[in-house]
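One chain, chain A, links the two complexes that follow: it is found with chain B in the first and with chain C in the second.
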Partner chain A sequence: MHCFSGEGYKIELDDTSNTVRMSGALRLGGLSEYAPISELLENALDGREALIIDLSALEFLNSSGIATLSKFVITARNRNDCRLAIQGSNAIAWQGKSLNNLKRLMPALELNFD
Partner chain B sequence: MSGSTPYIQVLDIEQTLTELNEMVSRLRQERDDLEIALTTAVEHGDAIEEQLETANRQLQNEVRERRTIEKQLRDLVATITQKSRDLEVVLQTITEHADQIDLHWLQRYIESETSARQDPLTGLANRRMLDEAMEREWSRARRQGQPLAMLMCDVDHFKPYNDRYGHQAGDECLCRLAELFQGMLHREGDLVARYGGEEFVVLLPNTDETGALRVAQGIQDALRNLDLGHEDTPLGRLTLSIGLAALVPDHDDRSTLLAEVDRRLYLAKQQGRDRIVHAADNNKIREDLNDSGSRADQGNPTRP
Partner chain C sequence: MDTRVRQTDGASTDATRGIPFTASLTFRQAAVTLLIVAVLGLLAGMVELGADWKSMRAEIQEHTHRSLELVSGSAAEAAFQFNDELAGQVVDGLFAHREMEQVVLRDNFGGVIAERQRHDLAEPGALVQRLFGDITRYSVNLSHSVGGASASSVGALEVTLAPGEIGARFVERGLVIFVVGLAKAVIISALVVLIFFFMITRPLIGLHTAITRIDPTRPGHWPRPSFPRHEKDELGQIVTGLDNLMQAFQQGLEQRDRARDENMRLGAELDVSRRIQQILLPSRAELDAIEGLDIATHMEAAQEVGGDYYDILSHEDGVRIGIGDVTGHGLESGVVMLMTQSAVRTLLTSREKDMVRVMDVLNTTIYNNVQRMGCGKNLTLALLDYTMATAAELPAVAGHLRISGQHETVIIARHDGHMEVVDTDELGFPIGLVEEMAHFVGEISLDLHQGDVVVLYTDGITEAADEQHRLYGQDRLMEMIASHRAESAEFIKDAIINDVKRHIGNQTLYDDLTLVILKQK
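Let's look at the complex of A and B:
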């Protein structure tokens, strides 16, 4: 289990369930501060047939965060070696539109909302 | 010629030979020239052919190179197009996301602004909102030369109510009173605020003392009809003391109106509670709710 956290947020990679869970409120300043998260996400694609990004407890994500997520989805699409699924929540307002836009970047992306 | 001399004949032969030799020589020269011309033509043809061959090879190489470049360009265009499409989607994603986040913060801001101006128990305006409304309405009344009225209402014997029925019942009672106050105000600009624990202030723009008195009486009537039991009072029900004042502002000190209703509320308490005090000049009780005969005739509050 790889895990790191900061003020108000937590990100963990669960190797057994092939899931990256992001929770809390992610409000890092700019893409440079998101680089470690970006690295964790891209490394998580290595050697896996499938990966789930669980955002159902991610209450808040700023614009740099959605840009990081978008770039990761493009990377996963270009690599084309790992099925990607994103788990969202209908209870969190921002997830509806933003996550659906990610599917436009990667039509093979599996989107699930609870 | 048969008649000519042998000498002459020899001369003719020599001349002929000379001519023949010249001819042979010329022909040889011409043959040599032709050979040179032929060789030159052949060599030139070879050179042209070789040049053409070289040019052809170069052309074919160029065609191959161009085809390679064309393919590379097509790949590049495809990559750029894909990247451009990706960027458009990312831009749209970020924009829509930012809009959502703006909305999120706006809702938080509105909630925060509302809670900063709202009493959390009753949902009525709090003192901050009252202060802002007072500042606004005082200026308007002064500018337009219109009266501004205020009621300060305090629940009688509220501490004993809390002691007897508990604080939760006390809170419920305040909420019922808040609903009652809100039910009595219908005009835009009218405002009721929870001023303190069991103290409420009603601000009535463009209302003179007569109009404000009608509202105050309406409140007292409604409270009597509500008949909230309070065993520790002479009437066995919850009552209100109200200080009332109205004036046309002619100065900047808007605290005078609040001070006056506070003073009159104090008088109402002093005079035995459950009443409205609204006379500034004589400190007399102008309306005693215990003397309820006249109240019943007030009807619904109407104001100018």
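Let's look at the complex of A and C:
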């Protein structure tokens, strides 16, 4: 299991359930600070048939984070070797519009809200 | 602050100068030591004197008895023979001692054979009488045996000692004991004070001086004293402890200063951001000059200035209206907003009418610049192209509106009270978020009739929260628009803004408020 954590957030890759769980509030300053997270996400696609990104406990993601996530979805779409699903939450305001935009970037993306 | 520093400095100087010598540690220590040693010395001297008194009494008694024993043979001989010459020699021998006040040799009939007495002696004091008065009288019986016959009493030898003489000797010895005791007290006090001075008092004074010289604005740079051979004792630890405390103070002060500087920097940045947001807004005169539309606008920056954007650009074919919201707050959001404004105007100047092309160029421009900035900022942006209806279309249709780009909804209140909501989610994509977005751009066209009201807003309006965190919401906004649609654009704008402000109450404004009202004339 790979794990990232910082002030107020946690990101973990669970190999058994093929899930990347992001939780807390991510407010890293700028795109470069998101590079390790970007790398973790893209590496998670390697050798997998399916990957779930679980954002249902991610209360806040700033614009650099959304940009990072968008880039990752485009990468997944272009590689076209791994099914991608994103789990969101209706209770979290920022996710509605942003996750729908991700779905538009990658129509094959499976988007679930709980 | 300067005043306070000066006052503190003054106080510390006063503290150093203000210690009178008699209140100083060294003086007080010397006085107390001297007193204690003197009292103890006096007590010891008195014990010594007491012992001396006892031994002196025993010595006098023994010495007198021995002297009497020594001469008793000769005295008996003189009494037996009535030998006045011998008697005189015996009595004189005893009287040679200065302590003798009186020496009497008697025969056994009570007659005096020989007598010596001093008359010039002073009357002894009561104390001397008490100390030695009971051991002044001695007498020994004189016996003589002739030819082995049993001894028979022939007289008595009596001596009386002079207590004054004995007392003088005693006082002399007492005086010596007192003087020696006093000298001891002074020497011991001096030694103790010296030892304490070099071991404790002098470093303490050094520490005291260093403490009074601490600059309250720079406690970390205090003149830390160094005491050789005290590194490991309590004094060394006090200095180390104080130094740690001073360094901690210094760090606290520096942190405070850094925070103040950072606050000032942020404050200055917010001022610049606020200025950027307002500097390129269309003027009232520009809006009044627009044909076909009655326009009212409101833009209010939040405490932390956000990245709201709106613009109304009049051109020969009509009016291009833009509204958007850059993510985040502060200078970077303001800069992205400024770039967007320039790019929108540039595309208008280049007469680009194809919305897909306009959005594509805008997106590429902003995306590349945001990549340079490394901040991942993006913005929602809706562009509306308004054209007046041709003469042929009048009066059924007064104007046309094309809407493109992803932003909040566009609310339209028709003159007959019918309300329409245009969802713009599918009309575009966040600008600057991804490299390529042209294929997401859509367009909606609608006709406007006289009295129709079009309302554009940013989420600062609908997401304005009251004290219970309830959002203002699109429904309440629509109710306000519906009930005031017959009024002027300015009136509708004021009514909505006042209602939003009422909703917010005393809460801080967390997001910019932007509202644009377009009313078809």
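In this text, the second predicted complex is superposed on the first by the 114 of 114 C-alpha atoms of A that agree within 3 Å, B and C clash if a C-alpha of one lies under 4 Å from a C-alpha of the other, contacts with A are read in each partner's own complex, and residues count from 1 in each chain.
The criterion applied here is as follows: a contact is a pair of C-beta atoms (placed from the backbone, for glycine too) under 8 Å apart; a residue touches a chain by one contact, two chains touch by 3 or more.
Predicted model only: the values in this text are computed from it and were never measured.
Legend: residue contacts after superposition of the two complexes on their common chain; A:Leu105 is shown touching both chain B and chain C. By the touch criterion defined above, A:Ser5 reaches neither chain B nor chain C. In the superposition on chain A, contact of A:Lys97 is made with both chain B and chain C. In the superposed model, A:Ile66 lies in contact with both chain B and chain C. Judged by the touch definition given at the top, the superposed model places A:Leu31 against chain C, while chain B stays out of reach. Judged by the touch definition given at the top, the superposed model places A:Ile74 against both chain B and chain C. Counting contacts by the rule stated earlier, residues 62-63, 66-67, 70-71, 74, 97, 101, 104-105 of chain A appear in both its interface with chain B and its interface with chain C. In the complex of the two chains, the chain B residues touching chain A come out as 86, 89-90, 92-94, 96-98, 100-101, 103-104. For chain C in complex with chain A, the touching residues are 327-328, 371, 374-378, 406, 425, 429-430, 433-434, 440. The part of chain A that touches chain C in the complex is made up of residues 30-32, 34, 62-68, 70-71, 74, 97, 100-101, 104-105.
Within the complex formed with chain B, the chain A residues making contact are 60-63, 66-67, 70-71, 74, 93-94, 97-98, 101-102, 104-105.
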